[in-house]
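One chain, chain A, links the two complexes that follow: it is found with chain B in the first and with chain C in the second.
Up next, the complex of A and B:
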């Protein structure tokens, strides 16, 4: 997030797109509720009529994968009415003219045709967002899990810069990170192209710096993304895979393909706290320990580094992840001898400029938000205050491109996937919780009552859902949450695995798969 | 006031009158419950005043029930404000604690907290220090009562619409001790959806709070959707007071009139 969670409370306008915030990030939703209470305008754009839509000033349901068109349309109206922040555009950004030129053709009429959103709603969104004193954008996987994921995010950045809503309190472009520590994992270089603190691996200065600190030779090549790794297993260019705390047998698209790839590995190691479907395929399973069994830090969605403290000793033979990794590294011949997570944090501070001022002592209480470059620095509430990392903010002129797969006579329904409030991701943890399990014990397909009627399907009926990649069985929930022609499935449930159906088509830059759009057929089960 | 509390706890521990004292402590910049059983421990004790008086309270009675089940023969001390003491008295009438095995150490609430809570009785019967302040009327209830019926219904439905069904209100409630909870029953309230079935989810809980809620307000503080639950339960308590002249925990050993009306006793 460019800004902090609590800042949302004081925003005059909040635009939530592709985030089912009350289900997946309820404490962020708290701040949205409070902003609303204080009179903020709430705009919600989501193909499903999610809980937040019930209290929105404007709720629109865009056709799947049409976000770029919607955002261009909003920018078109803002420019048409002169609601842009010309001062900000001139002082802080470049490339504005290209965007201005690009969105000229995205008239409300054209955008309405692409997105299925009424023209007057596009104008209303532009007015509420464009004329607000402070406006915040909140987004999540509904924006990123598309072949145009990068385009979608850049479009939101365009909108924020166009209206001067970045680098100020209660504004910003705010992605909600899905896991408690996914921000931390990225910060630590858990990505193929960067060292800790987003220092590029293919820059010689960085390579030399880490070679000298770690006392070993390092590659100057960018590594593989997850999708490239699976491809590598299939084509034999990758022999071994070490999976930590991830369950690609449920979380990755096109499960049949994933299974084939994982089975091709000469060595598959899975480290997790429960025995997942991915672990079932592993040659070696290493038992990790849960949050309650270890010390360390987590870095949350607002870049806040916080302590996690051990409440109980690790159960059974499990060990904290850092001990397992250290032991494996030692046996593979690269010596590590950290005596505690604190010793690791000290090294993090040494090699990561944005973490330099962070120590265990300073993390007592509420933690610190990076960048925190030295020990006297109070941490950073919001980013890009006086300048962007590259100097001026760069506008990107972006055209709408349709999703990789479209509905046709064989697969006439659009399928989108997501989470439900009691379960988390592949259910590795939440489906092991009896209370959460009893709240929602099984998966389902949300279908509009009109469509269900056409198919002769009643509430609770068993259906077969198939795509070009696979077929699953599940029960139906008839609901107006989805419009006709659209169906929804949560992806938590292995016995009705939504990702057996989803499309592995990738965004060309980020290599993120289009988990949020594919075409399916729905039939009453025999 | 903290010094008076520590002094009293030290006396109780030294004399062996209590096995341990359930209070609050500050650890790593966070306030949480703690069972004090050694004098050296007492240094970390706090009364739960963070940024504002009493903003870091805790359902200590809930822990106390748990402790009492584990150590039925031991006497425990517990920190109480006015609401907590009402809780102790009421829990005793529901046979959840044995009042002979509990020694409370009371503190009165300051005016600021009493006002924020709209607490009718912001002090326990006995307290070790400080001064008691006057109770405050239920202004928030009157505000809702002043609306006409349609506006009132609309007001509550808008609030319930925000509910994310986290069960925080129930889980933090020192008076929620049932082994089976109606809120989880699919037969009564459809499970698996947010917001949970409106308004039946919240009204079911409100009905169960009748004759039981001691108005500590922790539900309201815990609610991540800022639903003014306390106002709802205050209204329920006002109705019980009007109809039966009963407020939970005001008089020791006085049972809820709803207990007497029921066929089966508890629940």
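Up next, the complex of A and C:
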């Protein structure tokens, strides 16, 4: 997030797009409720009529994968009415003219045709957002898990810059990170192209710096992404995969393909706290310890680094993951000799400029938001205050592109996926929690009562859902939350695995699969 | 009776709520939201309130497992670590470090993520490291 969670409650307008905040980020939703009480305008754009939609000033239901068109349409109206922040545009940004030119053709009429949103709603959103003193954008995987994920994010950045809603309190472009430490995993260089702190692996200075601190030769070749690694296992160019605390068998699109790839591995190492479907395919399974059994830090969605503290001894014969990694490294002949997570954080601070001022001692209390470049620095509440990282903020002119896959006579329904409130990701943890599991013990398919009537399906009926990649069985829930022609499934359940159906088509830049859009057929199970 | 609390950070979603785990004789018995946390100000969602349940689930993995003749068998740590390291080394020696891939975890700590990418980059010499944040 460019801004902090607490700032949301003082925002004059909040635009939530592609985030089912009450289910996936309940304590962010709390701030949105408070802002609303204080008089903020709330705009919600989501193909499903989520809980937040019920309290929105404007709720719109865009067709799947049409976000760029919607955002261009909003910008068209803002420019048409002169609601843009001309001062901010001139002082802080470049490339404005190209965007102005691009959105000229995105009239409410045209955008309404693409998105299915009434013209007057597009104008209303533009007015509420464009005329607010401070406006915040909140988004989640509904924006990023598309072949146009990067385009979607850039479009939101365009909208924020156009209206001067960046670098100020209670504004910003605020992605809600799906998993608790995604932010930290990225910050720590869990990415094929960067060392910790987003330092590019293919820049000689960075390579030299890490070679000298780590005392070994390093590769300047950008590595492979998850999907590329799976492809590599299938074609034999990758021989081994070491998976720590992830479950690609449920989280990745096109499960049949993932299974084939994992089975082709000469060596599959899985380190986890539960025996996941991915672990079932492993050659060796290493039991790690949960967050309650070790010290460390997590970095939340607002870049706040916070302490994790050991409450109990590791369960059974499990071991904290850092100890396991260290043991393996030492056996491979690369020596690691940390006596505690704190010693590791010291090294992190040494090599990562944005974490340089972070120590366990300073994290007592509220934690610290990076960038925190030295030990006297108080941390950073919101980013881009006086300048962007690159100097001026760059506008990107972007055209709408349709999703990779479309409905047809054989697969007439659009399927989208997401989370439900009591469960989390692939269910590994929540389904092992009796209280949570008993709330919602099984998966389901949400379908509009009108569509269900046509297919002769009643509430609770068992149905078969098939896509061009796979077929699963599940129960139905009849609900107006989805409009006709759209169905929804949560992806937490291995018995009715939504990702057996989803499309692995990737965003060309971010390599994010289009988990949020595919075409399916629904039939009453025999 | 030995009662203690540990102030920590939720492992589920990116909000990062803070709470105390209440520990009685080595067992976590409950969760108390932290009232001074700037993130959650004394509140938690249903996942946070029940976070201790999965930690002590009887389904937890408690021993290393090695596949022998197609089936898993429990193994000692030494056996499991030796096996993993020797296979990794063999593959590295025969096909190069770039024939190994690493998937890091958005649930592991920063310190563990740091070490894992260091293992890939420094010990194996490959930048084949990614995580599932896109998913």
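In this text, the second predicted complex is superposed on the first by the 526 of 526 C-alpha atoms of A that agree within 3 Å, B and C clash if a C-alpha of one lies under 4 Å from a C-alpha of the other, contacts with A are read in each partner's own complex, and residues count from 1 in each chain.
As a working rule, a contact is a pair of C-beta atoms (placed from the backbone, for glycine too) under 8 Å apart; a residue touches a chain by one contact, two chains touch by 3 or more.
Please read these numbers as outputs of a predicted model, since none were measured by experiment.
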| item | value |
| --- | --- |
| Which superposed partner A:386 touches (first chain B, second chain C, both, neither) | neither |
| Partner with the higher number of touched chain A residues, chain C or chain B | C |
| Chain B versus chain C as contact partner of A:285, first or second or both or neither | second |
| Which of chain B and chain C A:27 touches, first, second, both or neither | both |
| Partner chain(s) touched by A:205 [first = chain B, second = chain C, both, neither] | neither |
| Touching partner for A:408 - first (chain B), second (chain C), both, neither | neither |
| Contacts of A:309 with chain B and chain C, given as first, second, both or neither | both |
| Contacts of A:300 with chain B and chain C, given as first, second, both or neither | second |
| Partner chain in contact with A:361 - chain B first, chain C second, else both or neither | neither |
| Chain B and chain C contact sites that coincide on chain A, given as residue numbers | 26-27, 30, 307, 309, 365-366, 421-422, 435, 439 |
| Sites on chain B touched by chain A in the complex | 28-30, 158, 161-162, 164-166, 184, 191-192, 194-195, 224-226 |
| Residues of chain A that touch chain B when the two form their complex | 22-23, 26-27, 29-30, 33-34, 37, 51, 54-55, 307, 309, 364-366, 420-422, 435, 438-440 |
| Touching residues (chain side chain C, partner chain A) in the complex | 4-18, 21, 23, 26-28, 36-40, 43-47, 50-57, 59-67, 72, 75, 77, 80-89, 91-92, 95, 97-135 |
